[in-house]
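Okay, so chain A shows up in both of these, paired with chain B first and chain C after.
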Partner chain A sequence: MTTSSSTRSWATPGRIAAIIAALLGVVLLVLIFTNVNQTQALFLGLGVGALIAAIALSVTLNYQGSGVVNFAAGAIAMYGGYVYYGLRVNGQLFLPPLPNPLAPIEGIVHLAGNKSFNLPNIPVFITLAHPGAGSSSFGTIIRQPAMPVWLALLISAGVLAILGLLFHLLIFRPLRNAPVLAKVVASVGLFIIMQAIVVLRFTSSAKAVTSILPTSPTHLPRGVTLPSDQLYLVGIVVLVTLGLWALFRYTRFGLATRAAAENEKGAIVLGYSPDFLAGVNWVASTVLAGMFGILAAAINQSLDPITITLLIVPALAASLLGRFNSFIVTMLAGLGIGMLSSWIQYLSGQSWFPKAGGQPIPGLTQALPFVIIIIVLVLRGKSLPTRGSVETVKLPFAPRARGAVPTSLIGGVAVAVILFVTSPDWRLAIVNSLVGVVICLSLVVLTGYVGQISLMQMALAGISGFTLSKIADAHHIPFPFGPILGAVAAVAVGLIAGVPALRVRGVNLAVVTFAAAVTIEQMVFANPAWSGLKGAIVAPPRLFGLKFGPNDSWSKLFGGGEGLLPNPWFGVFCLVVVILLILAVVNIRSSRVGRHMLAVRANERAAAAAGVSVSGTKILAFGVAAFIAGLGGALSGYRFGSVTADYFGAIPSMLFLAFAYLGGISSVSGAVVGGIIVSGGILTTFMSHVLGIPETYTLFLAGLGLITMAIFNPKGVAGALRDSGHAIKGRLGRGTTPKADAEAEAGVHAKVGA
Partner chain B sequence: MAILSSSGLTVTFGGKNAVESLDLKVEQGQLVGLIGPNGAGKTTTIDALTGFVPARGVVTFDGKEIESQSSTQRARGGLGRTWQSSELFDDLTILENLQVAAERVTVGGFIRDLFKPRNDDVSELMAILASLDLDHSAHLLPTELSHGQRKLVGVARSLAAKPKVLLMDEPAAGLDTEESQELGTRIRGLVDGGLSVLLIDHDMGLVLTICDYLYVLDFGQLIAEGTPAEIRADEKVIGAYLGQRHAEGENDG
Partner chain C sequence: MGFAKMSKAAGAFKSVGAIALAGALVAACSSGGGSSSSSTTSGGGGSSTKIDNSLALKYTGGSAGKASGTPINVGYVNQESGSPSYPENTQGADLAVKYINGELGGIQGHPINLVKCFVSTEEDGQKCGTQMLNDSSIKLVVTGTLVVGNASLYTVLSGKKPIIIGNGLTATDFIQTAAFTYMPGAPGVVSGLAKWIVDGGVGKVKNVAVVATNDAGAKASAQLLFAPVLEKAGITVKQVFVSPTAQGAEVQSAIKAAGGDTADVFVPITPVQGCIAVADAIKSLGIHPKVVTTGLCFGTPLIQHLGGTFPDGWYFGAYGVNYFVPPVKSIPASEELALYENVVKKYNPNMEYTGFAGPTFGNFMTVTQLMNKLGTDASVTQVADAVKGFAGPQWGIPGTPVACGQISASFPSICVGQMGIEQFKGGKWIPIADAYNNKLINAFAS
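Our next item is the complex of A and B:
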């Protein structure tokens, strides 16, 4: 383990706070003395700044308490907003989908032919109060809120506290000694679940929210006017920060939590169990984020499942500035980021602001946190805190694949036959899964083999897709050079984002890549000069006159089939690409580079002492993974005939890490499983077409599967299959005994704490 | 000209010198011991020589000053090391552990391997394993071996890189007396075959028996140096070890 005792003395939280404050002060003074409008714009960012600060405080609190960097903190804030909304407006508390023990009985009776048989369902909402009488004005019915504000707030706080406790007990306590990747994946799972529940219960369209705090305009000096609720919100966040600061500085509880963050034994010495501390901090951080979500939604007067959720990115930047331990720096950074974003927003409305496609260059506000994160990482380098807890489980074992060539050829022929005999829905599902396999393969190389957590692979795929559309197609670069050009562009961007990542590892790398994905999504994909509403068109692939785009008519080679789109030959094309990539990734594992990659993953110091270039190996992995992801992006562009911003970017990147992890992140067979379970792939089509589970539930189930897998089976589905395969072989009396084999593999994961 | 030497080597942790102004030399084909009580700065010295902690002072290896080189560059130049807790790559077999140290990656080689991975010649590595009685374990994982065998694999891995100088950090720690003596014979055999070694160990019996020359550290400072016979008689060394002279020949790991 590297000891980071050589912390650079000038980069203390206090100094950084002073620098931020000084910089902000200078900017403010200049602005206030020059332009009232700009000052106004700056101050209008206070509201969102307070919310960013609150989410960041929640992240820091979680990190101190349990060593988890909670990517779901923004989602929790959003969820809190909806809990309050449901109570206040409808008097109903909404529940997540719960398994109904009666459902199978009902299903059997239905199968037996009695379709009208119905057993009680688990309720979706618990009604606590009824909306008041509606009054009609201007043709719309305005109803009285069902519940007074104070009661709705109180119940919301209670619900959030219970949620926080459940998160701790059900998810993060079982993961306390798990590898960083498992914790990241679990918090990604939580993110997906919370968003999925809200979409299931309230749909994804925005809700109008009434204000809670007084909104009368407040007049500040020099003609700046601000709704007073923004100032109240800032006041509350400052008070909360001071409270946390005092709690952590002056109480035994706070001291024990800080001790636990450094070294869990320290807390035990102080008479607190780290487990208890983690639980309390989870409750506190969940209530904190959720309550601010409620207040901020009221200020925006609108609530949707995305906006607040994505504030996790600036919040992570703020937490990083506060080194995940200083509440005051974190709060100031959060407010500062909010104000700067609002100011940039104002500037982009000015006539002199650089334009793209007739509109101001987009995404600069979203790029701000990324820029801040990179600057912090470059200045601070490796002295970022890593928590001193004992990791007892490592990344799953990366086996050498045996018999990959015959297996993939037989599998390939089987899939090709299926492509020609199934219905269009299933063909599309197979194509979606094949594209998914490609993205998962890129994560197998980067995360599975080298242990680098990337939350930007779909963004890199998108870079390739947009390059294919906007550069290759525009200049009539023919297939296959177009997709290769796209993949090369993805490599370029992947390396730019990967180089700063050489300075960090573990969860910090996840933060960097996530911020990079958001930036790429907002600046490139959502750039009107690149995409527009319909996305960027991708011309179908052609080679020597052969047409194998998904929308090309069936070739005459085979007479059969119903002739409906997508063209199975496109599926065959994807299949060929997938098989070539599978064999290449298998070859990487069994060649010199693969051994060097696994050496770096296992132990960077020992690898360096063995003459392995650690940064060279990582860079190579970033490049190879970006190239593979780029090919996936090109395939995906061909599949839809276009590339769109929401298919690529931050949240899809998060989802794909999840799918790859779920399948089995460290083996090629895991990538194949990952491809099968991606949304729109074979599994979800099976669920919707055969089992009758609506597609709206797939995200929820994916999140649930993710958390379950992170806790119970970090080897992924493929690893579990391999284990049971060994066990069956052993029972049949061939090969090694299952016990010795299981022990051997269990031994691989057991690591004596250094 | 010594193959490895340091002059004024100083390592500072949080304002305190863990190693202070250390001058040491390893001559070609010599087995040099570095001993001292716990916390004396022995491992820190190896870390500094191999570039794993920042240090001041001059380090000369094979006729070149190497302070500005990274750990990887030093290792590739022929400055090998082993670790106290063997630090094997747990996901790779024993043979693969050795291959990592023996093989270099090039871009051309990587691209060729994508299409058809080479069957690298492992006969030399198998010979190294055989010389340490590890050839039967070549295809096992490190976690399937005993502690003593893992330490030997650590040594084998460092030998696989064909080092000019090998810095060994407590290779005998945790071994029983018999294993320890056997290891001592093997290390001596390597040195007699031309390798230069800097050996840290707690087992005074082992060190005093097999080394050609000794350095003694206490609290980061060199308190004595000389041949084993001179060190045995040195008052300061006896003081630092508080009468541990009686423990000679026993295992005080």
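Our next item is the complex of A and C:
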């Protein structure tokens, strides 16, 4: 990967900033002289815009310093808000779950039968102050805050600085030379962990936060009234932006960071340590995001684990507009997105605004970042920067599966037998895992084989699920045509979403697909014209009179009588679909198409030179992956008897990429492992039923697992098992070794044109 | 200072030496949170607060004293441990079980045993449904609040085991034909508010501004139940939807977009955090709309946020009696509410007693009444018939009649169609159209 200096377009940051400013200026002038309500609406977006800008600045700072596009920036801001809340209100600093070295001793004693044996535990909170005396009103105790604002802010800043340093030292420094996907996955892991810790310590209920800034109304010319805290926030964001701009333009540290961002090797030659620069920038960006999270919570006067976290979507759009290097453009873009969103919201209340199902078309404000990203891509395309690094490791090896047919058949028969003999809980877990395997397989094709990072596979699955619900319900299209048509609809959307992939790759594509997932969730799934106000029902599958939906009654094969639900025949149906898809994906990998895919993944220019159609291969991969994901969506619809927007949203898409990566994203066996570890699957059932680990901790452990895997074993669980197998065989003097695998991959490139 | 606990299962995990560190972490993780599926039998205990149980005993048909013997299993499903979650339902359920087992003799002398299953994902809904269905000792399932997993739960249990829906929020909760709720729910409250506005409850109204969250429940309420009633009466309705995670600034913008500052009436249809944002936005924008909203707004978080009070002048539509109005002898539901507050003081004085905890407590009082009548050997079919045929009154709900499947054709699960409205003004709650002034509103009456 190199920087884009050689292909620099006309769209420089300065020009983009000028265009944005000019456009906003024109819009403002027109509005001011025509409609005061629209002017007011536009200005009311300043507050949200400032928050978006603040998180976007943190993202840009991260990228400049360490080459990481931090999907967890919003979560860090939210975490900062909770640190402040805990200190200010309760006088307590909360701690994440920490390993207790005494726990094994206690566990063994418990196993031996002495349940009353207890050893000291790790504290969950550190109390630094106590809340003041409370008064009772309407049966509710109102307490005075435990800590003054300034002290809570000061301690919060310190905690955030330590966190930033830990993020760098423990997570992102080890990933310095890792592939982009590993960094994306690690930041997704961080996102999950931050959210999980907060839910564990504070529950997900919203907390009331008192204001820090003045909130009285400020009257501006032409009858525009704004809350003063919004204006203060904008002022703070502008000051911070100017500070960052000056820091990176005029100081030795800033210049060194910029130099390292362009070319780490050059920075090293000049005597700068990229590690040190990255560490300092991680601390700065974490403090920045966290402190603005505190301000955001104070302005909202409410704090929950989701609201601030999800600002990452528009923030990424703002950072992308700023090319991940211009603070001023990023800030303007953030403010612009906030203002335009607010304006669109105002327009949505007008009678002429397009409607769907009787209400204004939903999700347009959320779709705005996606539209902006697409425009930027069209304007800039390949000139978007990718950060230079000393050395970049490739994606994990994509092995050719040997003996897939017998393995699948033997494994399939075994699973089928288990489906009939196991308890309902485990049967359900197997079904959930089978559906998970399908989604993970779609990611194996797209990300594992072609290297295209997609954060929208669940959205594509949802397109299929909702289509299935709609056509089966409205047009009475029977099984199996319903799910096939659903998958075809997913392909249509997948192909459209794949078009940007012809222009961008790596983390930029991840941002695009994430924004697309948000847009689909908000504009399509939440659209009553599509999903109906009363939910989207999926009728159970029927074929030649056979009833094999999960809730259809069934007779036991032996001994007679009605068996407990879920119906194992539904599991068998899912199993057949999974086996067919596994064999199809294995076949793709072994075929000429598969070799083309791997060649594109390895080096697009080399692949093109070898006669591979890079565009065609990418589009094909998007189509195939969308079809597979679509089948997963249909299975999911049958599984639940309905489809919902939340299940197919952007966050689940992100989680599934993480599950697939954890399993091993470049192999079919990795998809199987990925399916095993999905929510409600075999692993979580094992954890809750056998190990007794509360499900409240599964997300936290999943996030931890993701980061650990990204750092120590990018090949995923399946890859690690494969390597272990190779090592054992190697010691026994037969079979291949990981080294042989690597050589085999190199051979792929030689055979691309074959 | 809270401390992490440990579990024996975690200990087993840690005995595998190779993964000792992970085991230690897992052990640390085993603290605090409850398991997704647990079984609790409670009885007695608590502080010295004296409760007059005569009202409760009359309602449940039980015998004073502590329950003993073989427990009666009742299924309980609630959304917890994810985001959003509604743990206050479980507090209400646990409180009810403690009280009923400890002082009301349980069900025919047997203690109630809650078989709990918690939901945070769609998969959990199916899992809980399957668990409840396959457990032959469970003849009745009571829910708390579910906004995910409810469709799966109903699909699995549909017609096979009776369900009493706790505090339904989504349209899915109200279109069920084999699950019932003994409260008017969001459809009843929102329809009632619309009817009251049309009937001139807030004076002459020409236009109404609505800000609702863009989730299934609020959307259905605003579009199916609220706007059509007003528009039919010639009132202009401007609706703006905000994301469920809308922030202060976004809500400010939405209020202006809906015309909340100029409309005759401004109606926010949001959960309590949305209400907080609306209250702040109104203050920050310096506007003075006439606000009509739902009882979802008057929860503890709003009281805490406003420093021990409610937004002045707001009208709140709810079930017809109010936690904050002293009980009236002639209104049993108000006395039942007061008794509930005493039970809270005795058994769990720190719990958040507003919101969904009270109605869930009431559901278990009704469950006890139904099961006391049926006996401990009743079949699932008998329980299902009793649930559907329950004629009321529901504990803590003044609305009558209770007639499942007959109140609203669009929402067959709703069994009560009456609601009430109160106003908070000058530091006091004023009955507008509720049980206290005998003016409950028939929400679904044409």
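Things worth noting here:
Throughout what follows, the second predicted complex is superposed on the first by the 702 of 754 C-alpha atoms of A that agree within 3 Å, B and C clash if a C-alpha of one lies under 4 Å from a C-alpha of the other, contacts with A are read in each partner's own complex, and residues count from 1 in each chain.
By definition in this document, a residue touches a chain if its C-beta (ideal position, glycine included) is under 8 Å from a C-beta of that chain, and two chains touch if they have at least 3 such contacts.
Since this is a predicted model, take the numbers as computed values, not measurements.
When both complexes are overlaid on chain A, the residue A:593 reaches chain B alone and has no touch with chain C.
Which of chain B and chain C touches more residues of chain A: that partner is C.
In the superposition on chain A, contact of A:640 is made with chain C only, not with chain B. In the superposition on chain A, contact is made by A:424 with chain C only, not with chain B. Residue contacts after overlaying the shared chain place A:251 against neither chain B nor chain C. Once chain A of one complex is fitted onto chain A of the other, the partner contacts of A:273 are absent, as it touches neither chain B nor chain C. In the superposed model, A:398 lies in contact with chain B only, and not with chain C. Of the two partner chains, chain C is the only one touched by A:124; chain B is not.
Judged by the touch definition given at the top, the superposed model places A:612 against chain B, while chain C stays out of reach.
In the complex of the two chains, the chain A residues touching chain C come out as 37, 40-41, 44-48, 51, 97-101, 103-104, 106-111, 115, 118-127, 135-140, 142, 195, 199-200, 203-208, 215-217, 219, 225, 227-230, 296, 299-302, 304-308, 310, 338, 341-342, 345-349, 357-360, 362-363, 365-366, 424-425, 428, 432, 522, 526, 528, 533-535, 537, 550-551, 564-566, 639-642, 644, 646-647, 679-680, 688, 690-697, 700-701, 704.
For chain A in complex with chain B, the touching residues are 5-6, 394, 397-398, 584, 587-588, 590-593, 595-596, 598-599, 601-603, 605-614, 616-617, 620, 744, 747-748, 750-751, 754. Residues 1-15, 20-21, 23-37, 81-85, 87, 118, 120-127, 130-131, 133-134, 148, 151-152, 155-156, 158, 170-172, 175, 214, 216, 219-220, 223-224, 238-243, 245-250, 252-254, 256-259, 272-273, 276-277, 280-281, 283-286, 300-301, 303-305, 307-310, 323-324, 341, 353-354 of chain C are the ones that touch chain A when the two sit in their complex.
Across the complex, chain B meets chain A through its residues 13-14, 50, 52, 54, 70-72, 75-76, 80-81, 83, 85, 87-92, 96-97, 99-101, 103-105, 109-110, 113-118, 120, 141, 143-144, 157-158, 161.
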